[in-house]
């Protein structure tokens, strides 16, 4: 099925970006596999734990865990290539983000949860993998600072929920959400769209920063 | 009801302090909402996940999530005011701490858990919001270093459990716990009460520090 | 029973190493108890939450929580001794690692989960305590960088699962796993065995480091 194929592409790409982050922290192979897996399937794991949706996806389907571990280890061999063709991963990451959001929204809808929770479920699934990666690697969490990432997950979740609510056929809903979400994400990357940043110094100087200065947050 | 009203005041105040912490880390609006929500409802979330108490509070009542997100965004507009009238937030935070502790204790009691777990549930509900905030914002976790915070949650949980055990009417128990807990917390802040600090240097010089030096831990 | 006795020894030793880490961060008594407990029973907690295995061990048996808190506080009195006889704790920690792995594997087997998940459950139980300790204390997570720690948990989990699968009597399986796992762990410590480290500079210089340089990762 379309979603499953794209899901596997998504977790593979996310696992590889996780492995790169682990390499920058000089982790051993186990650390690489753990960070790769946390990045790729951590979002779905957090969602399932928050919703009480057991068994977790990778417990029921351990092959996904095998994929993320192997993708992580494989990255140690081809890291130079991964970093050179970084732009391919921006594209694959965008695909993963939308697929994760759609799956997150569906899981919550299948549980009969309220609309807002379905959309929150999409956002959690889309972004918590990257958030866990940054916490384990002790980096500034990217999704809290830069670019329209969570917002795109919100858009994708809302669009999917809305179209399903109005009984648009599932295939059309899925494809439309994928296309719109992907275009929105790539546009955000290309045009450096971002949310306003809330800057506060300890000296009580408050600045709600415009877009330009948001991007040079280190 | 009294507890619900105080709970809403509590999560609003906690969300605003979370937003201030996010602003000090120059997060964007999404980061502000996430840190605000984690601070305000993260304690109850951790408790429910640890106890297997599903659905989580904010999943069953999404309006609480709306409140914390809006309170976070609102804080970006009034941050100067929030920081100037910091003392009001110390008071509201104390109210929130006791209310969260009472709710945490009650949830565990309703599940028929052992007395110690009911009190631990009070402490977890009271402190894990602040702990999550500090982990996401990569700060020294306040509750592990300063002031009688967890201890006040422990006191409130124990008092509530004990009075309910001896079948004191619920309203009296709640009000008494609120008053005693609030006074204890404010006294701890005013008089800089704190637990002894366990200081260990890498050079094996061990000092169990007295109260004075505990407060200047940065 | 053998496993229960060794489990109590294991959580006591882990709690004491957790308390030492808390002392190096100048935490107060509550912080000491929290880090001690997270180190000792955090691995089992994460495993149970991931598998949806409720109630958690320490919720059903609060005495384990009492042990870890008391062990943590006791450590503040005898920290100098603990640090001087550090080697005893390396041994006790090795015992704990294998016991935790065996218990983790058994919990997953009793739930009827697939073989790979049983072994992952062993690894999660064995290592997440130390990982949580390092995250709360904001240290470089040791298990992701150094020595065969997760690998020994993987070996122990796999051996236990395999022997039980082939219907070797449980006592023999447990003792054999304990002996082999313990020897493997002590050999790894003594001989400084470690997994290859994946080093990546921001300047795209990629090095898969040999064993020697892995150990001096700071």
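Worth pointing out:
First chain written, first letter: the chains are A, B and C, and each begins at residue 1.
In this section, a residue touches a chain if its C-beta (ideal position, glycine included) is under 8 Å from a C-beta of that chain, and two chains touch if they have at least 3 such contacts.
This is a predicted model, so every value here is computed, not measured.
Between subunit A and subunit C, two chains of identical sequence, the interface residue sets overlap only in part, with shared numbers making up under half of the total. To overlay subunit A on subunit B by their CA atoms, one rotates by 120 degrees, a value rounded to a multiple of 5.
Computed from the mean C-alpha positions, the centre of subunit A lies at a distance of 30 Å from the centre of subunit C. The set of subunit A residues touching two or more other chains comprises 49, 52, 135, 138. Considering their complex, residues 19-20, 22-32, 34-35, 45, 49, 52, 54-56, 59, 62, 65-66, 76, 79-80, 83-84, 135-136, 138 of subunit A touch subunit C. Residues of subunit B that touch subunit C in their complex: 49-52, 113-114, 116-117, 120, 135, 138, 140-141, 143-146, 149-151, 194-202, 204, 206, 208-209, 214, 217.
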